[in-house]
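See the structures that follow.
First chain A sits with chain B, and in the next complex the same chain sits with chain C.
Then we have the complex of A and B:
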């Protein structure tokens, strides 16, 4: 019985990834999808870069390391933004649009492995966007704005950089699971919830400015967010600095986030089953 | 051990400060290899019961077991052996093909790849979906989407299948195909069991081994179709065809008048599918299996014909009934004595409860 269950869990995760990819990519022809996949993140990254350019020229400053901070923050923030938004919106899609939520729920593997799979699919999409944004963004800003990323390929701490991605993704999927759970028992938050969440992460996690610039004690909020530590590890490893301390914090915050997500999801599933919201469609 | 067993199962919904009793001490036992038809009007509690049994909803009181597993405590075990098909829904991903949709669900049930492929091919053939195998779901007609929905329900070869109004919205041919398939499916393997909810009486009579009538959350009758009909042996069932030139006379007025007559146990319009209003009063409605020419017109086009099904306690009351209709301005076109049907049973039970 345990083998059967383990098999259905693994298959559910794989199917979540496969379905996520299909849902994300199958709505149009490959060329349009590729353009969308690349154009959207590049547009946001360049926007952040331009804000930096305008801001720094107004203040008379233009420092490559500050640009590096802002640029990498904006690029790697694609991971939490993509994953949390897609998982928060997933409930609405599966419950009302595709009418599959209850049928997934009553399978032996139920919801969690499927959600993880969908989160991993989003992470794969985000990875493509991150790589493309890093390459194109650095070329654009280097050639047109004389802003250079102080990254030396030979100094990058590749093990730390590579390890930070799955750890960060695990934390962001866990955060997405929490948003998914909230949407499972509510009906009108699918858009606003993910927007508020990514807004909070953007503000407190040191995406475009260090959290220490925020007034005390608000600045402490960033310390408990895995996004902060994820970005710290990424930046440190790209510069070849020691990333162990940030990595330890990332690991701890990821474990904490996974534990919270599991407890929260289990509790909310019981509430949803009691209230009968798993298959209830919005009344609008 | 029963395939499905409920013990004093109750469910209360809180809605805007009001408590609504959706299920009230429901006790059913379905043996393996059996199809139980759960008959009831809209809002009677059919879907609530199915939701609890399929682990989508928690009961407020009582317990329910699927093959001995508690639906609350052992939900994981229950989910391995059940599946659910809801009529009127077309669950699935529009951008996936028929085959891909079935593959997705086969994997959620943990089916090995070779077994999944084999079963998908078989179901595609059984549901006559071969030519749509690689067609995206959003391009299918409603009938074929429903067939895909039904195929999904069989993907894990469940021991207990819940069919919640599976023929809702289907045309006659698709509904017939579906009914035949589910009957054959249970007959093939005595370990398979189906709980089918419907408000189509003819469907329940055709497919089910036993029938439970649910009314306002309570099981009010639970027998084989034959035994239920036999329970009416002390009554007489007749079909009456009348017409009236009075165009202001509604069908409900006729039914009301007849229902209040002496010796009339129950009265309904032919093709009644068992809907009730908020007060539990029988109201008229037409099933997809019935004749939908409720308000026929004769060759002149101005006379109104109504067909009624009436239960009398004694056939000596027929002349009195005809006289009453004539006195009230109706012309009696025909009176035909008939065998009791499930419609009569349903009508009798509901009427007696309301009395």
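Then we have the complex of A and C:
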């Protein structure tokens, strides 16, 4: 009985990934899609790098360690940004635009595995963007601005780096589920909600500057965000430093985020059914 | 029995002015109808611009860089509005079934676009000023404005050129289906990169002449650079002559181009049966 349930959940997740891949990629030909997948994140990473170049040339202070901090922050921030934005838009897309949410909802599999599948599809797209941005960004800044990433391939803590990705992705999908749940019982919030979330994560998680620079007690916000711990683990493992303390925080924040997302989603699902918002269409 | 339905040029002008007013009215009414959107459009840019202010602080950059970021962040509101409120608008009208009504009406399509531009520009100016005010309250910024008239001229030229670009994109977006939102999305970060939202481009030594030339196609590049020079660096009209000439050229090119593109794209969309096509 449990096996049947587990296999149906896995099937729903896989279908979610497949559908997510189709919806996100089949609006154009593969070449344009690849350009879209690469150009946007590369532009944001180069933008952060250029702020670094211009800021440091104005002050006369150029440090490779600071460049490493901002560059890796901008590159790996692609994960939370892509996943949370795509899951925050999902309700609007499925409910109002394509009007398929009610059909998904009445299938035997729960809505949650489907959302997770869509989140995983976004994470796969984000992984491509991260790898390409890391490569192209480091080549551009090394060749044109003499800024080198102090990464030694032989010193990278590969197990920690590899483990941080699924942990981070799980935390960001859970955050996306929370945004999904809010959108399920509200209307017209999907754009602002996702932008607020990415904006808050970008400012408070130590993406382009250490959170300790923020005034107290605002500087403490970063400590409860999984993005902060995810970036700490990624940076430490790339430099070959001990990443296990940050990894423990990342694990803890991911477990907490999953628990909150599950409780919140279950609660909101029943409110949505009660209020009839699952198939209510808002046109604007 | 035949009736003469000929509309005089005067009546035509009045009709189109009414259309401009009606379309602009929707934009301004929207400010009150969805106040949380207006609040979000002030707070969200402040979140990211604050991160760049802290980044410049981390790098020990001179104080004027904080002002550069806040001014850039305030002007960013216009690009977002041009992109989502102008360029992608006709696509959304198509999705919601409104586009055919515009096409059936006797009004000029340019009047509809002009109304969107006027309403969007007024609406966004309020948001932009709010971003500037809150940014000034949050961070230590010193302004050094000595030529207010030059600032007004540059600002108006920037807005006209930007919305001219928006009108041009709106007609190109008529042809798009699902790809419209992705294309608009794609035009976001690369434009931030080239137009110098968070750093000076035209007056910086970091960029080559080729990059500066490419960046000059975007009205925002000239606009932000000139506004920074006038508002922060205490320069006068003589120091932004090149910017004024560049922006005037862009206005002279973009507006007629938008008119031609709209006619062509409307014709092509009709021929391909795309004007009422949804969900493709």
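Methods note: the second predicted complex is superposed on the first by the 279 of 284 C-alpha atoms of A that agree within 3 Å, B and C clash if a C-alpha of one lies under 4 Å from a C-alpha of the other, contacts with A are read in each partner's own complex, and residues count from 1 in each chain.
Definition applied: a contact is a pair of C-beta atoms (placed from the backbone, for glycine too) under 8 Å apart; a residue touches a chain by one contact, two chains touch by 3 or more.
Since the structure is predicted, the reported quantities are computational estimates derived from the model, not experimental observations.
Looking at the shared chain after the overlay, A:166 reaches neither chain B nor chain C. Residue contacts after overlaying the shared chain place A:223 against neither chain B nor chain C. Partner contacting the larger number of chain A residues, of chain B and chain C: C. Within the superposed three-chain model, A:66 lies in touch with chain C and out of touch with chain B [touch as defined at top].
Looking at the shared chain after the overlay, A:98 reaches both chain B and chain C. Shared interface residues of chain A (contacting chain B in one complex, chain C in the other): 27, 98.
Those residues of chain C lying in contact with chain A across their complex are 34, 36-37, 40-41, 43-44, 47-48, 50-52, 54-62, 65, 95-96, 177-179, 182, 185-186, 188-190, 192-193, 198-200, 204-206, 279.
Those residues of chain A whose C-beta lies close enough to touch chain C in the complex are 27-28, 32, 35-36, 39-41, 43-44, 46-48, 50-59, 61, 66, 70, 97-98, 188-189, 191-192, 195-196, 199-200, 202-203, 207-210, 213-214, 283-284.
Contact residues of chain A toward chain B in the complex are 4-5, 7-9, 11-12, 14-15, 18-19, 22-23, 26-27, 98-100, 102-110, 114, 270, 273-274, 276, 278-279.
Chain B makes touch with chain A in their complex at residues 13, 51, 54-58, 76, 79-80, 82-84, 89-96, 100, 104-105, 107-112, 152.
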